[in-house]
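Shared between the two complexes below is subunit A, which has subunit B as its partner in the first and subunit C in the second.
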Partner chain A sequence: MKRNKTLSVLKYIFLAVLSAVSIFPFFWMIISATNTAAEVNAGKLTFGAHLAENLSSLFHSDLHFGASVGNSMIIALITTVLALLISSVAGYGFEIFRSKARDRVFNILLLSMMIPFCALMIPLYRMFGAAGKAGLTGIGLNTLFSVIMPSICTAFLIFFFRQNAKSFPKDILEAARIDGLNEPRIFIHMYVPVMKSSYAAAAIVTFMSSWNNYLWPLVALQDPQKRTVPLILSAMGSSYTPDYGMIMAGIVIATLPTGILFFMMQKQFVAGMIGSVK
Partner chain B sequence: MKGKRIAAVLLSAAMLVSMAACSGGTANTSSAAANSQAAPSSADNTAKKLTIWAWDDTFNVKAANEAKEIYAKSNPDVTVNVVSMAQNDIVAKMNTAFESGNMDGMPNIVLIEDYRIQNYLKSYPGVLSDLSDITKTDKFMDYKLKIMTENNKVYGVPFDSGVACVFYRSDLIKQAGYKDSDMQSLTWDKFIEIGKAVKAKTGKAMINVDPNDLGIIRMMIQSAGKWYVDADGKADIANNAALKEALAIYKKMQTEGITVTSSGWDAGVAAVNDSKAATAVMGCWYASSIKKAADQSGKWAVAPFPKMSNVSGSVNSSNCGGASWYVIDKVPGKDTAKDFLSKTFASNTDLLDSLCKDISLVSTYKDTASGKNVNTPDAFFNNQPIYKDWNDWTKNIPAVNYGTSTYDIESKMTEAVQSIVKGSSIDDTLKNTQTEVEGILSAAG
Partner chain C sequence: MNGNQFPADGQGKNQMWKTSDKVTHHTLEKKLNRWGWIFVSLSAVLISVFVFIPMVGALIMSFQTGKGVNAHFGGLTNYIRLFTDQTVGKALGNTFIYLIIQVPIMIVLALIISVLLNDDKLKGRTFFRIAIFLPCITSLVSYSLIMKNIFSNDGIFNQMLAHIGLSPILWTTDPFWAKVLIIISITWRWTGYNMVFYLSGMQGIEPSIYEAAEIDGANAVKKFTHMTIPLLKPIILFTTITSTIGTLQLFDEVQNITQGGPANGTVTISQYIYNLCFKYTPNFGYACAVAFIVVILIVILSMIQMKVGGKDNQ
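What follows is the complex of A and B.
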């Protein structure tokens, strides 16, 4: 009994230290957002009174930070919705419909995960450039479309949905077919409601990667007004004398959406990662 | 059955996509070709709108904006748009656009760091405009012109000087028993001797070193007219006497205990601001960081860069960093872009003199030497006319070929320097590095 108690005390101390380590960067970020650049440089670790000042310089500089939050939000939301739709249909199809070639096709798809994005960047750039030159306005470079398109269907998401579809009870499927439901409706009315937590997990992952996406938007977007949040943060940090107070205020704002989304969907996220149907 | 059908659909879809990609590629090449043919034949290379990219709101972006105001007075019909972006982002965008041949959305005028320009001139010939007619070679400092000249054509308009110097705390040097005159025409031997006295008498370090920044080594070898590559762009590491001596000095400063180590740029600035080091050997642009410690006003002074007494040809002058303006040839409006540069950074001494006051610019345009602000003493530096001094020292900077891959070589050199400081032999380490650098250069083409 006594031994158990010491053990659990030790356990809690260990966990407390670990949480302190992982929370400290966030703490530092919020503290720094309220201090001036000079105070941040000096390593001040208490709240200051310069939050309003930092925010106003953030939104009033020529960086179009406000617009960039809007751009990032539009891109992340549309990407998430389309990616969930396309990848879940594909993952479902791969698992439910059988054929000889199925696994071969799936393996080829998985292989595409091994190609680094840098290798695809220049072909993609030329494709979108050509689309813009061909007069297809709205889908060439420098449009939100060109940022959304390459990330709406990823091998990882299809794989993820296929793995989750494995746990979907086939009996329900058989029953629905016998009752005369057609395939699209089986998907919408039977599969989607059961797989809610998979969707939640996939939504968080997709939203986060889209919100934080850096390289492709950097190359594809050229108008200062069309830039996304990570691009603006990077531009702010590159001066020879960066204003850390303002940058930290920007980073706090950039962290909020993913933070809020995660806390809203935390339960489903964990369940989705473990597997939807137990 | 159904599975087969789906697989067939997927496969054909995949084929369609790859075919579309192919046709997209060819369409682009042909349109790019058409574009490049169209550009020279159309006589009108003017535009009503210019875009400029630069990367520091407090420095070069501000300079571009002041130039924009001046240009607007003589050309009110042209709109100039100055965009501030991270330097690495500009590099990434240029690389993608130049590699793909698609210049959509590229700016007319872009600021490129001197260490990087050779790579663009060598790897993408024809992408940058020939500016020989607006950059007068007798008006700018030679060391700056050399790096942007290829086949006798000048491709840029030089901007800032990174003239190297010793920022030193006059008060600490005096406490150690030396005078301001001892800091003039320094050699590194003398620098270390003074450093030991400073350490003994004041307990402070002489200089801050950052293990990840070889700026000081670069400055030392340029003071002897050498670089990591020779005049032909071939690796010059293992048999580079200046580099060996520079490394020996770098190591000696650490073994003599006159250094303080801070990792990272901001930590280095903090060390200087907190009076942990009596000097900072840096490019002139470091003055703004030193001035952050307002309480040290009047205590600082600036002296010429120390030379290496054991290396023939080493002078009391060197350089660290700096950038220049370039025009991207295939972006519509190159004549307007050239007109902009020729009326501002390539000739306007009033602009360059007011930039000296506003952003502490040390120009590489020779005629700025007589400017009013350039000759104004600086109160923070004990009323020393620092801009005039920097201007004088800039004239003696030895010209070197920076080659195509300074930053890639530097990452290999950083490892080499670490192991030399830990005790490896300089000759053996540099022999290995020579092989690695030859690999980098042959990969870069």
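What follows is the complex of A and C.
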């Protein structure tokens, strides 16, 4: 009995320590966003009164932070809408009308998940570069198009929607077909409303990965005006004397959308993340 | 099996309209089949254009030497150069260190946390779960910069060490500690992510199995090693493979915490590829050859893991 009690205490201590370690960087980020660079460097662990000042230097820095928030938001929203539309149509197509040939195509598409992005980055860079040079200025490098296109269709999302389509009641489909509804209408009027929570979960993961994406935008967006939030933060962090008060304020802003999504929709947030291993 | 047949429903009708139904059934199936292909075609095209075609492009480029428009077929030149390139050796070495040390630590830690949190009687369970998951909401760049600041040579961590009388650790200037810092950072960011997978897997395990084991006298450790781990094996395998693929492509953290330094002490393959293209004089052909190391490693390691993990699945 006594042994059990010490074990139980140890368990709580272990979890408390881990929680503290997990939370401390957040605490540090928020505290530092309200302090001056000098105070951050001195290790000040209490709230200061310099948040407004940090935000002002953030938005007035010559790195166009304000524009980057807009760029990131537009890119993340367009990517999410397109990705959900395209992948859910495919997931429906793969699961509701199965055939051997289509299963084979599906398996080939799944292989794309194993291909590392570092191998695709160079050909994609040249592809969009060539499009820009050929006069197709709207779809070359430094455009929204070039950042959005490579991420609007992922095998992960198709897989996610296909898994979720499995639970869709088949007799509803059959009834609708007998009533003479065509497939796009069945998809829009029956499948989409029923699958609302799957869409919410998929929207969260897609938005988050687009909002946080770093490597491809870094390669595709060389124009300072077109850059996204992670690129600006990274540039600020790698400057010779980084102003950490300002940077932490920027990180707080960068973390807000995903943080709000998480606390408002925890269930869908987690469902989206683990969606592929049901 | 699923959508393109109307088994139960069609039976009764079959007897009533023997001939005509066969025709309608056939045309309906044909129609569905056509819609099926239309529905999947856009995705298939997009993935081909943005993954498979570039992949072939990278393979072709990896055999080319020369810069920009002067690129021409160079045979195996790039691949031969890989063997004498010290940075490639360094990057591979670093990546393997991250892989061998970080992935097991994170997975074991996530498993232990999940077992502890899977207990209904645990007080503050929701709080612990949210706290440990919280790092997942940060972007890789954001958390890297926070870590860089906390662990800088005169940062808050070293100040705390000094406070309790310990000498500071040279996190960013000592190649050993720089690697430790990268490992700490990745573990901080991804342990909670893996925990979520295990917790959801544990929900599928019947509590009665554990109760039966307890009656048979199994202690907590036995239950963990003999029951939880085997039952979660597919999920552990999945997380190991995703973590491995992620580690092999490591870029954001290293780029933002240490910039690959000191003296390439933390450089990764992805980062070296980036540098070859956008930092030094661009050498796309050679960069593609380096990228194919990652492709090959992912294929080999995933195959090994599936073999080891799937061995006694039957």
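Throughout what follows, the second predicted complex is superposed on the first by the 239 of 278 C-alpha atoms of A that agree within 3 Å, B and C clash if a C-alpha of one lies under 4 Å from a C-alpha of the other, contacts with A are read in each partner's own complex, and residues count from 1 in each chain.
One rule holds in what follows: contacts are C-beta pairs under 8 Å (C-beta built on N, C-alpha and C of every residue); 3 or more make two chains touch, one makes a residue touch a chain.
Owing to the predicted nature of the structure, the values given are computational and were not obtained by experimental measurement.
After superposition onto subunit A, the partners subunit B and subunit C occupy overlapping space and clash.
After overlaying the two complexes on the shared chain, residue contacts for A:30 are found with neither subunit B nor subunit C.
Judged by the touch definition given at the top, the superposed model places A:102 against both subunit B and subunit C. In the overlay built on the shared chain, the residue A:132 is in contact with subunit B alone; subunit C does not reach it. When subunit A is checked against subunit B and against subunit C, the one touching more of its residues turns out to be C. Residue contacts after overlaying the shared chain place A:215 against subunit B and subunit C alike.
After overlaying the two complexes on the shared chain, residue contacts for A:140 are found with subunit B alone; subunit C is out of touch. Contacts of A:38 after superposition on the shared chain: subunit B is touched, whereas subunit C is not.
In the superposition on chain A, contact is made by A:122 with both subunit B and subunit C. Once the two complexes are laid over each other on the shared chain, residue contacts for A:234 go to subunit B and to subunit C alike. Touch criterion met: A:93 reaches subunit B and subunit C at once. The interface of subunit A with subunit B overlaps its interface with subunit C at residues 41, 43, 93, 97-99, 102, 105, 121-123, 125-127, 215, 218-219, 234, 237-238. The residues of subunit C lying in touch with subunit A in their complex are 1-4, 6, 9, 28, 32-33, 35-40, 42-44, 46-47, 50-55, 57-58, 61, 113, 116-117, 122-124, 127-128, 130-150, 154-156, 159-160, 188, 192-193, 196-197, 200-201, 234-235, 238, 245, 248-249, 251-252, 255-256, 259, 269-270, 273-274, 277-278, 284, 287-288, 291-292, 294-295, 298-299, 302.
Residue ranges of subunit A in contact with subunit B, taken from their complex: 38, 41-43, 61-63, 93, 97-102, 105, 108, 121-123, 125-127, 129-134, 140-142, 215, 218-219, 222-224, 231, 234-235, 237-241. Contact residues on subunit A toward subunit C in their complex (touch as defined above): 11-12, 14-15, 18-19, 21-23, 25-26, 28-29, 32, 40-41, 43, 45, 86-87, 89-90, 92-99, 102, 105-106, 109, 112, 114-127, 149-150, 152-155, 158, 170-171, 173-174, 177, 182-184, 187, 208, 211-212, 214-215, 218-219, 230, 233-234, 237-238, 244, 247-248, 251, 254-255, 258-259, 261-262, 266, 270, 273-274, 277. By the touch rule above, subunit B contacts subunit A in their complex via residues 2-8, 10-11, 14, 21, 24-25, 27-28, 31, 55-59, 83-89, 92-93, 96-97, 99-102, 104-106, 266, 269-270, 285, 288-289, 292.
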